[in-house]
Each structure stands twice: as structure tokens, then as C-alpha cells.
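What follows are several structures.
In what comes next, chain A is part of two complexes: it sits with chain B in the first one and with chain C in the second one.
Coming up: the complex of A and B.
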């Protein structure tokens, strides 16, 4: 159980945009925190800084209030599992998993046994003598995870742990990571560019753009209360309605909407596609819209609407009883509206 | 058709490699072999028995040749590995110039270099010594070792080292358990190049060794210049054998195009 704290971390590269400036973040103990952001947002830099594979230009990193800035990577206790697995091909699977123990001088018998137990935990029991080249990508990923966990790290750092897996394996790996993380109660930091990966894995998400922290919170807040249009768009938001907010009354050229709470300096509100409903009767927060297209997506229907010049998207589990080109009233529940 | 042409190619390569040995083998057991006879008119094992007699100084030459070539190749790898790593992994200003300078000894005649170096070697007491010969053999071997290893490092994923460090390996452990196992086929190839180049050095050994250091090529040349074809042929075969053995042992580390390259070096 280790709390990781980053204080005014700055790391810049000569002739490159990849940079982190004055970055502050507290990573809670025993939880999974995702560092989420598009490529070039500085998330991988942060991960390597925490691992000790990079040294910051300035600022401090503490594990449980003890600075680790001068502790080299090999003795820091923050173990990183790289994105492309990097299972050493010149070693057997068992030797790979036992690698960290060997480096710490654990006797051969003992480290072989621990490696075998850890392989069991990642559902690769009996794979000790296999060659890494015989394994599938998903299996290699699990070897990489076992190899990191066997050293009992204070902090587990995972670089895009699900990104190379197909949907089925993704779910399996997610369950495995969460299960093991819970079992060992390791403070875990996941770096990913994929918002879905962050949402399904993490207890907390730190969203980064251009080396800066833009929003920190539970995964659901990024859907329900995105802090900016950019964040809403990153999480798949498409409905942005311009207007002005007076009190809790959001005035637009299409009509007026009541929002949850008054805020200042806002110019848009957004609503998740799944929260827009077809209104049963005329009420507040309603808008007349024309159905442009309705598409079956497998698990739901996706509808495109047109309100004058404004395009909106909504989804529903059941098909609409409406033909393309017909008009209907759409209802926007006020608790689903977020202004920014 | 493709299989046929591949078979022809292999046959040609084998013939090309083996053909030069045929006259050599015949010469080593010939007594009288004059034009226009296709085969010797009289046979004799004199060449071989002389080569293996005490008078030929073959044991000394073999011993010193092995000592020089083994040590020189190991040193060349030791020095060439860090250089190859930097050239293979990093981009830096003046890299092309550095690469050219490393290659330069292969273009500049060894004689020109050794004339200048000889004075220094005398001053530091390295002339006429085994150590001096070993050091001077680094001139022709280092460029090849460095460039082969630069190629190896260019295909090496350094992230393996970060991964190992993160798992608790210190610098020496990273070298021992990650870098060396990852690149060792390339190191073997580079070492083989160095050994064969050093093994066939004549001029450098003669100049720096001053006749005190007797390697196999020196012995071979002395018999060749005395016109004793039988002994020369026998010694030539002995001279070639280690190179062929080395090639066979290391051939599994050579692939495709490189294998044929190694074969021509072996001659």
C-alpha cells in the first residue's frame, strides 16, 4: 500500500513537444489510477518518471511521503510492464517470471517455485519451460504481468495493458488485472490512450492533454460531468449546444433549458446520446427535431437528428416508431445537462 | 525451375570454395610435377613430414598465431562493442564522419600506418613483442567488429534494458542477462571476422613482431619465398583449417547473404 505523489514535476525534451510542466498528482494507495490522454500528452513520460527510467528536470516524486527521486529504477520498487510485453525471448517463460527475483539474489529453488505460483495466478500454470515465442500475444502479456507482480512491487506500472488484445481477451485481461490488483492491494498506475480501457480498468482517471492535468475523478464523472468540450469529445460526446446561462436557465436559439446548477463563463451545454429521450408530452427542456437517420448498432440504435442547423445524436435500446424525415419532440433531462 | 537454379547455385558455391584446395592438396604430396603432366609423376609425403618435424617451427607458429588472434579478437570485441552500441543506437552530430574514420583503416594501406606506428611501438617497448603484435592487429580487426556490432545494435530493442532495470537489474546485470544474451549471435560473427582477419595478417606481424613473433603466415611466407612448394602447400592447408572450422562452428549464426560473405573471408 503506497501513495504516490508527484509535485511540480517538469520534464522537457530538446526539440520535441513531448513535455510535462509543473505537474501535480496524488495517486491513492491500493487503487488503480489511469493516466489517460492522446499520444503526446505526456502520460508515458510520467510513467517512466515514476518508474525511475527518466529523471525529471525539476520537482519531486514521493512514495508514502519519502522522496524517491534519487533512488535508481532497479531499487525503487515501482515495476513497469511495457506495452509490447518485452518478454525476454532468450529465456524460458519460468526464467522470465523469476527474473526480478534472480536479480535480487533469491535462491534458484525458491524463485522457481514463486514463479510457478505466479504463473498459476495468471492462468499459465505449467508454462514454466515454454519458450516465449510459442506464446500468443495475450499469454505474453500475462507473463509480463506475472513477472512484474512476482517482485511484490510497491507500485505497479502498466503501459497500455489491453491495447493489443481483441475484445474477448481484453475482458479476460481486465478481470485478471483487477483481481490480482485487489488480491495484492498494489497501487497501480495504467497508462492508456483509450478511454474505454481507462474506464473499465481504473478506479480513478487522470485525463491529460499536452502535458497538463485536465480532469481527475471517477470514470463516471467523465461522462456525466466533463469539465470541457474537449474532454466530452474525447469520451465520445457529440451533442454540443451553444447558448448563454442565466441562473439555471440556459438560453439557446432553439429554446430554453433548465440545468442543475448555475455556473459562470459557460457557452455550451452537452448531453450524452443515451440520455436524450423521445418526449411523451410537451414539457420544459424539450426540442422539436427531425430524424435524419437511424442505425442498428448491434446492442442499441443510434439516431441522428437535425434541429435547424444543429445536428444531434441519441441512442436507444428499442427502435423508434418514427420514420426518417418525421419530426418529434426530444426531451433533455436537466440532470443530464453539463455546461462548460 | 527455382529449385533447379538453387541447386546449381549451391553446387557452384561448393565448387568455388573447394576447387582452390585441389592443387594445394596435390602439391603437398607431389615430388615431381612438371608441365605438361596433369598429375605429379612422382609422389612423396616429404612436405607433410617436414611440416610436422621440429625443424619447421610449426608448433611455435601455431601457438603464437592462436595467442595473437584469440586475444586480438577478444580485445576488438571489448573495444568495438561500446562503439558499435553508440553507432547502432544513437543519432548524433558527426556520426557519418565517425563511421568513416572507423572504416578508414580498411582503406589506408597497412604499410603506411605501421611505418608511423612502429616508432611509437619502439619507444614504448612494444616492438618485437607479442603484446605489440596483438595491439597492432586491432588496426585491421576493429573496423569490422565495430561495424558488424553497430548493425547488430541497430536491430536491438533497448526497451528490454529498461524493462530489466525496472524489474530490479543493476547496470552489470543488465549487460550480463539482457544485452549479451540478446546480441551474442552478432558478437560471435564479429569475433569470427576479427579472428580470421588477424589470423591472416602478414605485414603487420612482420613489422611490429620484427621476426621475434612467428605466426603461421610468417612461416608460410618464408617457405613460399624459398620455393618449397611441398611444405608451403602442407602449411597452407594447416593454415586454412582453423578458419574453416571456425566457419562451420559459427555458420548457424550467419544467415543468408552473410553466410556467403563469411565463406569468401574464410579463403
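Coming up: the complex of A and C.
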């Protein structure tokens, strides 16, 4: 169980802007933290900095309050499982898993046994003598995970662990990662560009844009209380309504809305598509909207509405009893409105 | 029910590639195949020009019984082995250095690869001018007062240990093998090594267990080619080697140009022996590379 602390980390690549700038983050021990962000946001750089594969220009990285900045990657105890697996193709599966133990001088018999046990845990029992080329992408990913875990790292670093897998394997791999992480209680850092991957895997998400931390919190926070429009958009938000907040009264040109908490300096509110409801009767926080289009998405329906010049999107599990072009009242619950 | 039957229909398409290759192939077959046939028949004693029209194994038996042949073979193996090993080691070190980011990398990489198009003969003359007892280094050493007379300079050309020949091969082949290794290293990147470092491998372990297996296919194939070349090459040992013992190719040439025409079958047998060893090495190279490609 190791707490990782990043303090004022800055890293610049030759001939380019900052990859990471003045970055502060505490990664709690024994939990899964996701570093989430679009491509080029600096998340992979952070992972390599923690692994010791890159050196920061300034700042400090500590494991349990002990600086590891001058500790080389091989002695740091932060093991990384790469996005493209990087299973050594010239070694057998068993040799791959035992690699880290061999580097530490663990006797052959012992490391073979430990590797076999770890392969059992990742549901690849009996695969010891296979060549990596005989395995599927998902199986190789599990070999990569077993190879990292067998060394009992202080910190486990996973680079896009689910992104190369199809839907069925994603679920399997997620359950496996979470199961093993809980079993070994390893501080785990996952890097991903996919908000869904971060949400289903992590206990905590750190959202990065342009090498800076924009929001840190539990996955649900990013849906319920996004700190900015950019964050809301990153998490699939589409409804942004401009206006002015006075007290808890949000005034817009379409009507007035009551929000939960008064805040200053806000110009928009947002509401998740799944929280907009068709109102049963006229009440506060209602707007008259025209149905533009209704599409079946497989698991739910997606509806597009027009309120004067404003376009809105809502979703529902059941189809609407409304025809395209018809008008209805939409209800925006106060607790679903986030202002920024 | 009708089953699909393969059609056996004559089409020119099937002969297109052999026909296109025919002009080039006929030249090769005539010159190379003809020469080979002539060498083969002469090695078995068929030399009508001096009245020998019967085939025999006499020349082959003679070369294997000749002490000079074995000394030449040993020297040739020594030259090929030491030159290949030294250039391979130097090539790996150079490639590992050149893959790093440093100021002037482009210029240094260009210089490293510069001698690939330079002919061996130019290298041989360079070695003569530099390392012979009347060469530049001997004169500089004399000027610096390190030796009293250029003749005191150690014999590095036409010498007992074939230093001059080996030096020329190392000069030329280091960049050949190095270029292949560098290309492999650049295409693979450092990801595997990073993965190994993260798993606890130190610098040496990363080289031993990750880098080396990665570059091995390239190193192996390039070094077999270099060895095969060094084993059969003539001009460098001719220019930079001693008269006795000489490299196998030089011995074959001397027997061929001997005024005694009766030695010619032996020259042919020796040439064929060199060709056989080189062919064996090429086959080994092909087997290894095919195996590696399959894996």
C-alpha cells in the first residue's frame, strides 16, 4: 500500500510546449486512480514520470513521503503494463511472466512456480510454454498484467488497459483488473483517453487538459458536477443553457430555473440528457419544447428538442408517446442542474 | 451436384515472370554457370589443353594433402572470424550510441554510414598508407621520437596475424552491420527496453535479455554475409597479406597463375572449396532468416 504524491511536476519535451505543467496530485494507496484526458494532455507523460522512464524538469515524486525522483526505473517498484502489451515475443508466456523475478535473482524453480500461479489468477493456467504469438490480443494483455503483478509492485501503472479490446473482453478485463487490484491492494494508476473506461475502472479520476489538472474526484462527480463546460462536453454533455444566476434563480431568455446552490461568476447551466423529463403538469423548471427527432439507440431512445433557438437532447428508456413536430413540457429537476 | 474442379488451362500468364527474367538469366547462366562448369571439370582433372581428358579426384586429394592448403584455410578462417566478430561488436556499440539523441547526431550518423559505397580497394590503399612501415603513422611516430626509424614500427600490414586485412574488413563492415542494427533499433523503438526497466531489469540486463534478442536476427544475418564475403574475397588479402601463408583465395590464384599448368586443377578445386563454404554459409543464413521470419 503506497501513496504517490506528485508535487509541482513540470516536464517539457525538446522543441515543444509543456507536456505537464506545475502538476500536483495525490494518488491514494490501495485505490485505482485514472488519469483521464484527450490525446496530448500529458497523461502518458505523467505515467512514465511515475515509472521513472522519464525525468521531470522540476518538481518531486514521492512514494509514501520518500522522494523517488533519483531512483532509477528498475529500482522504483512502479511497474508499468503498456497499451500494446509489449510481451516479449522471443520468450514463452511463462518466461515473460517470470521476467521481473529473474531480474531480481529469484531462483528458477521458485519463479516458475510463482509465474504459473499468477497465470492461473489471470485465467491463463497451463499457458506457460506457449509462445506469445499463439495468444489473442486479450490474452497477451493478461500476460502483461500477470508479468507486472508477479513482481508485487508498490504501484501498478496501466496504460490504456481496455482500449484495444472489444466490448465483451473489456468487461472481462475490467473485472479481472478490479478483482486483482482488490486482492493485492496495490495502488493503481490507469491512463486512458476514454471516459467510459475511467468511470468503470477507477475509484478516483484526475481529468487533464493541456498538461494541467482540471478536475479531481469520484467518477460520478464528473457527470453530476462537472467543473466546466469543457469537462461536461468531454463526458458527453450536450445541453448548455446560457443565462444569469441571481441567488438560486437562474434567469435565461427561455425561462427561469431554480438551482440547488447559489454561485457567482456563472454564465451557463448544464443538464445530462438522461435527467431531462417530460413533465406531467406545468411546474417550476419547465420549458415548452418541440420534438425534432427521436432515435432508438439499442439500449435507450435519444430525443432532440428545439426551444426557440436552443437545441436540447434528452434520453429515455421507453419511447415517447409524442410525434415529431409536437410540443410538450420538459422538466429540469433542480438537483440535476450544474452551473459554471 | 457439381463439385468445383481446378481448371488446368494453359495461359501465358504462368510463364510471364520466367519469360521476363529470361534475358538476364541467360547471361548469368552462360557466364556464371559456364564458368562454374569449367571450374568443376578442371577441378576433376579435365584439362584438354595439356592433354588431360580423364576425370579424377587427384586435384582434390592433392589440396587436402598439401600443408599449405590447411595453413591457408586456418588463416582464412582466422581473418573471417576475427574480422566478423570485431566488426559485429563494434557495430552493435556504434548502433547503440547512434540511436540516442545528441547534438550532431545526423552528421555523425552520416559519417558512420559514409564508407558503405566506398570500394574495399580504397580501404586497402588507405590501410597501406596509414599502417605500413613506410606509412603515415610510422612516420609520425618517428617524427615524435617514439621510434628511431620507421622500420622499427611494428609490422601491421603484410603481417603474420593479418592485422592489415582484418583492419580493412572491420573498417568496411562495421558500418554495414551497424546500419542494419541501427535500422532494427530505430524501427523497434525503446518500448520493450522500457517495459523491461519497469520490471526491474538494469542496464546490462536490458541489453542482454531485451536488446540483444531484438537485434539478433539482423546481427546474425549480416555477420554471416560478412564472414562469407571475408572467406572468399581476394583483393584485400592479396594486397595486405603475407605471401606465406596466404589466404585461400590468394593461394588458389597463385596456383592458377603458376607456370606449371598441372597445378590448375588444384586451383580450381580450391576455388570450388571456397564457393562451397560460402554457399553453405548463405544457405545457413537463409535457413536462419526464414526460421526467424516464421517466428
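Convention: the second predicted complex is superposed on the first by the 338 of 340 C-alpha atoms of A that agree within 3 Å, B and C clash if a C-alpha of one lies under 4 Å from a C-alpha of the other, contacts with A are read in each partner's own complex, and residues count from 1 in each chain.
One rule holds in what follows: a residue touches a chain if its C-beta (ideal position, glycine included) is under 8 Å from a C-beta of that chain, and two chains touch if they have at least 3 such contacts.
Given the structure is predicted, the values throughout are model-derived calculations rather than measurements.
J.: With the two structures overlaid on chain A, would chain B and chain C clash, or do they fit side by side?
T.: Here chain B and chain C cannot both sit on chain A without a clash.
J.: Could you look at A:74 and tell me whether it touches chain B, chain C, both or neither (first, second, both, neither)?
T.: both
J.: Looking at A:296 after the superposition, I want to know if it touches chain B, chain C, both of them or none. Which is it: first, second, both, neither?
T.: It touches nothing on chain B or chain C.
J.: Identify the partner contact of A:133: answer first if only chain B is touched, second if only chain C is, both if each is, neither if none is.
T.: In the superposition, A:133 touches chain C alone.
J.: Is there a shared patch on chain A that both chain B and chain C touch, and which residues make it up?
T.: Shared contact residues on chain A (touching chain B in one complex, chain C in the other): 48, 51-53, 72-75, 78-80, 82, 84, 86, 88, 90, 99-100, 102-104, 147-148, 151, 157.
J.: Flag every residue of chain A that touches chain B in the complex, lowest number first.
T.: 48, 51-53, 72-75, 78-80, 82, 84, 86, 88, 90-91, 99-100, 102-104, 147-148, 151, 157
J.: Across the complex, what residues on chain B touch chain A?
T.: 157, 159-160, 162-170, 173, 177-178, 181-182
J.: Considering only the defined contacts, which chain A positions touch chain C in the complex?
T.: The touching residues are 14, 48, 51-53, 72-75, 78-80, 82, 84, 86, 88-90, 99-100, 102-104, 131, 133, 147-148, 151, 157.
J.: Can you list the chain C residues touching chain A in their complex?
T.: My answer: residues 101, 191-192, 194-202, 205, 209-210, 213-214, 295.
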